[in-house]
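Two complexes follow with chain A in common, the first pairing it with chain B and the second with chain C.
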Partner chain A sequence: MTPEIGHILLIVFLVLSFAGGFLPLTSVYLNNQTFEIPIKKLAFSLFLLIFLSFLSLVYSFLIDDFSVAYVSQNSNTNLPFYYKFAATWGAHEGSLLLWILAMNAWLISFMFLTKCSDKNFTNAVFSISCQVMFSFCLFTLLTSNPFERILPIPPLNGADLNPSLQDIAFTIHPPLLYFGYSGLMIPFAIAVAAMLFNVDTKEWATYSRPWTLLSCSFLTLGIALGSWWAYYELGWGGWWFWDPVENAAFVPWLLSVALFHSLIASQSRSVFGKWSILLSIFAFATSLLGTFLVRSGILTSVHAFALDPERGVFILGILGFFVIGSLLIYSLKDFKKDEVKPYQLSSKEFGFLLNNLLLVILAVSILFGTIFPLIYEAATNGKQISVGAPYFEIILFPFALALGLLQGIALYLSWGVTSSFNFLQRLTLESVSLFGIILLVLFILFDNLYLSSFATIFLACWIVAGTLQVSKKRNLNYWNFLKKRLAVTFAHVGMAILVLGVGVVTSYSIEKELILTPGDEFEFGDQKITFQSIEDTLGPNYFSKSANIIFEDEKDISSVVTEKRTYTPSGQLTTEAGIVTEPFQDLYISMGDNLEADIWSFKVQIKPFIRWIWLGALLIAIGSMLAGLNRIQRS
Partner chain B sequence: MKKLIDILPLIIFAILIVVLFSFLSNKNNQLETVLIDDTFPKFSLSSLEDDSRLLTQADISELPALINVWATWCIACKVEHPFLMKLKTESILPIYGLNYKDNREKALELLKRDGNPFEFSIFDFEGRLAIDLGVYGAPETFFIDRNGVIRERHVGVVDDKIWEEKFAKYLYE
Partner chain C sequence: MNPIRKQRLYALIAVLIGSLVATWLVVSALSENMNLFYSPTEIKDAKVDEVTLIRAGGMVKEDSIIKDTRTLNVTFTVTDYQNDLEINYEGILPDLFAENAGVVVRGNLKKDGTFKAIEVLAKHDENYMPPEVAKLINEDL
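What follows is the complex of A and B.
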């Protein structure tokens, strides 16, 4: 019964969200009270419906109801209960349900936390959000119903959750990303509502800013977790692969970062009003586009979803409807001129403009690189090409450099015109000193300096010095000053730490393929590696060969286990890397093939500073989260 | 007259949508092979019984026939097994096995112990043919008519009831 209840709740949700999508707007346009509905109550009921519907799917997973097709495809009696729970969003159908739930959670938070004086405006935001949720719900019910049954004779056991998803980071990575993606619905709805009701740039930017920041924070967390997962689960020791699906998340992230920066200027100075509207639309559009690319099966990637071309058409339809619709409003509307105070090249406004241009061009280039193989395939009648890391790295580097340099001076700039650039001297002095200290530390740690890492390390120092702004405020109460700017300090220093991590790890990493039998030793860098033994182990739903490895240097000895797992229900193989984490480096070993009886191949790597990448991302997420929550509190 | 720059985003995006749509229809043609009423996909995989013997679609020669996706790790397949044996002993129609992501030794052992209802089994360790067929999991059964066209598929255990409802009608066509 439970799946049917969930199904019915979803249908009720569909009907109510349809009503919510049209009635409030109708009442505004006809100026007729009869269509007016209590939108807060409706929003709350919608949330309850989708929440219970989601719970009923969770329940079907927990009780192993394999008569539900989705459960039988993604679960198994031997799966530990927490993975059964997470399997709810482990594939396409269930993740859509979570997506709608997330959109609804954002909508409710917006309606209860952001106080708008203009009732029409709130009604419009609500209606547009309802329309988006309606389209997703329709999509779910028509093409991807998670409650479909296999009757009359259900399978006795399920096919199991994809083994590489059976991992703690990977169970929370999708929800965080979905919250990030779906959160971009709010700035989109606000932008469209602002166009419909001629809301002042200042005003709607104020409403939009916290929600953009929060979505961005979730996106950051989701992407970072995905990267961390790929690092220890895929067994290559890489942390970013320029996989189409990673790009599909990276592009909306870049646009959301651009958007909240441009919103700062819009809110404070009424500038970039139209630009911010376009960015809001495109940030949302790229998050839908990512969904489309992943789930229509037109791009191949490690994130394989069950492919169904019908779904692709549907998502494209949703994307087309909302984006073309809103751009149509944009192109037809007569924007009234905001009163803008003039600004010069040296102003903060111009800084934001430059930041936005760089971020947007970067986003477009990455998007282009992602879609180009498709264009090529179509143009050459089926010849395949892959655009890989070299293209993206060449593109990324100059933009990252320019953005980082800008980031260093950005906080010193003033609105209108920056009267003095004296800070440059101090800034240079501070960042060069920091640069020297870091080089010294690196030299002590690794006995080596690589020229190739100098640019990124200096950039990191430049950003840190620029963020802490010691030279600007050195006579005032410095700690109070930093505390007031806690959010931006977190986010910008986080970016510096990330840049530093990337710079060091790309230059200082070493790796080697080894062939060992139990008892063998190998000298690698300053480490002595011992392959102690190999054993068979048995997990709840897998069996594995696990190798015990010992890393030994002058100071300490640590032992790790690396495994090759075979998941019994599906027969799939996964590699579990063995990782020793030290403050400044990771010792990483992953098991390769069984060459002969007891002879195994291994890949061993030393990855200095790699943790700093995710630490940086975490700080960025905390920073934008703080900024978002702060803004909500203030409004 | 609106300024062109205000309409530009709309035009660019509309083009993008059209381009993406055309990719999608390209891909559709390729994906349709997995669907009902199409010929069995081409493959070239080793036989379960003899890894040096290469099987192709031409080896599925006695038609009409069933293709049954099975594996030793699949518990529901064990439930289905007696019914397949019954089809075999009553000589109703030939069944070809598709051994899916399995261990060769274990699979052969199972067939030796419980009986082998299959003419032969295709050993699809990486699930390549299974992907072409759009297999959800095991067990799964496809009906191939005398022209080599896939007419019906069933996900889950086939028993007398399913046989009568879904498959029997194609046998006497």
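What follows is the complex of A and C.
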């Protein structure tokens, strides 16, 4: 019965969200009270419906109801219960349900936390959000119903959750990412509502800013967790692959970062009003485009969703409807002129303009590289190509460099015109000293300096010095000054730490593949590595060969286990890497093939500063979270 | 000049420079990092030199995997059920590499008609087939 209840709740949700999608707007346009509905109550009921519907799917997973097709494809009686729970969003159908839930959570938060006097505006935001949720719900029901049954004879056991998804990071990575994606619905709805009701740039930017910041924070966390998961779970020690799925998350992230920066200028100086509207639309559009690319299967990716072209067409339809619709409103609308104070080349406004320009061009270039194989295939009648990772690296580097240089001076700039650039001297001095210190530390740690890492390391120092602005405020109030700017300090220093991590790990990593039998020892970097023994182990739903490895240097000895697991329900093979984490480096070993009796191949790597990448991302997420929450409180 | 106009001019110049640099970067980076895909049949008539990176793929033939136990060299044959292609690789194969499974490799075509792979692509899911390979098989049916 439970799946049917979930299904019915979803259908009720569909009907109510449809009503919510046009009734409030109709009542405003016809100026007729009969169509007016209590939108807060409706929002709350919608949330309850989707939440219960989601719970009923969770319940089906927990009780192993394999008559539900989705459960039987993604679970198994031997799966530990926490993974059964997480399997709810382990594939396409369930993740859509979670997505709608997330959108609804954002909508409720917006309606209860953002106080705005203009009732028409709130109604419009509610209606547009309802339209988005309605389209997602329709999509779910028509093409991807998670409650579909296998009757009359249900399978005795399920096919199991994809083994590489049976992992703690995986249980939280998708929800965070979906919250990030779906959060971009709010700025989009606000932008469209602002156009419909001629809301002042200053005013709507004030409403939009916290929600953009919060979605950006979730996106950052989601992307970082995904990268961390790929690092240890896929067993080859990479942390970013320029896979279409990663790009599909990276592009909306870049646009959301551009958007909240542009909103700062819109809110404080009424500038970039139209630009912010366009950015809101495209940030939302790219989050949908990403979904389309991933789930239609038209791009080759390591992320394997059950692929169905029909779904692709549907998502494309949703995307087209909202993008064309909002752009139509944009082009037909007579924007009233905001009162803008002029700004000079040296102004903060121009700084934000450059920031946006760089971020948007970068996003477009990455998107272009991601979909270029499709364009090429269409243009050459079926010839297939792929665009390699070097393409993205070549594009990213100069833009990241320019953005970082700008970031260093950005906080010194003033609105209108920056009267003096005296700070440059001190900023340079500070960042060069910091650069020297870091090089010294690196030399002590690794006995080596790589020229190739100098640019990124200096950039990190430049950003830190520019963020802390020690030269500007050298009095006792310095800590108060930093405290007041806690959020931006966190986020910008986080970016510097991330840049430093990327720079060091790219230049200083070493790796080697080799063949060992138990008892073998070998030297690698400053480590002595021993392959001690190999044994058979048994897990709840897998059996594995585990190799015991010892890393030894002058100071410490650590032992790790790397495994080759065979998951019994599916027969699928996975590698569990053995990782020793030290403050400045990771020692990473993963098992390869069994060549003969006890002879195994291994891949061993030393990855200096790799944790700093995720630490940096975490700080960025905390920073934007703080900024977002702060602004909600103030508004 | 009127300050608002001046401000627009600055913005315009910035946009122009930005787009030009980006276009140049995109075109040059793309021309160097575009890897064409060949099936075993297509590769027979392909005019590719030994240094151009290309991709090839198909299904791994049964009993064709030969692993050296002292080095990490491995040789296997992929097929599109019309023609075969021998592939040499040095390194650890991905977990999902198996006989009768689809595989995509990246590397160079040697003069003797064999393929030297520098990368063998792994997928998360055992049922997942690289679209290129899926297409090859569907064309045959």
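FYI, the second predicted complex is superposed on the first by the 634 of 635 C-alpha atoms of A that agree within 3 Å, B and C clash if a C-alpha of one lies under 4 Å from a C-alpha of the other, contacts with A are read in each partner's own complex, and residues count from 1 in each chain.
To be clear about the criterion, contacts are C-beta pairs under 8 Å (C-beta built on N, C-alpha and C of every residue); 3 or more make two chains touch, one makes a residue touch a chain.
Keep in mind it's a predicted model, so treat the numbers as computed, not measured.
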### Query
Should A:I515 be classified as contacting the first partner (chain B), the second (chain C), both, or neither?
second
### Query
Residues of chain A touched: more by chain B or chain C?
C
### Query
Counting only touches as set out at the top, which of chain B and chain C does A:I395 meet: first, second, both, neither?
second
### Query
Between chain B (first) and chain C (second), which does A:L449 come into contact with in this model arrangement: first, second, both, or neither?
neither
### Query
Touch check for A:L345: first (chain B), second (chain C), both, or neither?
second
### Message
Looking at A:I172, would you say it contacts chain B, chain C, both, or neither? Reply first, second, both or neither.
### Response
neither
### Query
Which partner does A:I375 reach: the first (chain B), the second (chain C), both, or neither?
first
### Task
Using the superposition on chain A described above, determine whether A:Q572 touches chain B (first), chain C (second), both, or neither.
both
### First, second, both or neither for A:L327, with chain B first and chain C second
first
### Message
I'd like to check the shared interface: which positions of chain A are touched by both chain B and chain C across the two complexes?
### Response
297-298, 570-572
### Contact set on chain B toward chain A in their complex
2, 6-7, 9-10, 13-14, 17, 19-24, 26-28, 31, 71, 73-76, 79, 100-103, 136-139, 155-157, 159, 161-162
### Task
Could you pull out which chain A residues touch chain C in their complex?
162, 164, 234-235, 297-298, 300, 302-304, 340, 342-345, 350, 353-354, 357-358, 361-362, 364-365, 368-369, 372, 376, 383-391, 394-395, 398-399, 513-515, 564, 570-575, 592-593, 595-596, 599, 601, 603
## Note on the structure
chain C contacts chain A in the complex at 3-4, 6-7, 10-11, 14-15, 18-19, 21-22, 25-26, 28-30, 32-37, 53, 55, 67-72, 91-93, 95-96, 104, 106, 122-128, 130-132
### Query
If you look only at chain A, which of its residues touch chain B in the complex?
69, 72-73, 150, 152-159, 278, 281-282, 285, 292, 296-298, 307, 309, 312-313, 316, 319-320, 323-324, 327-328, 330-332, 374-375, 377-378, 568-572
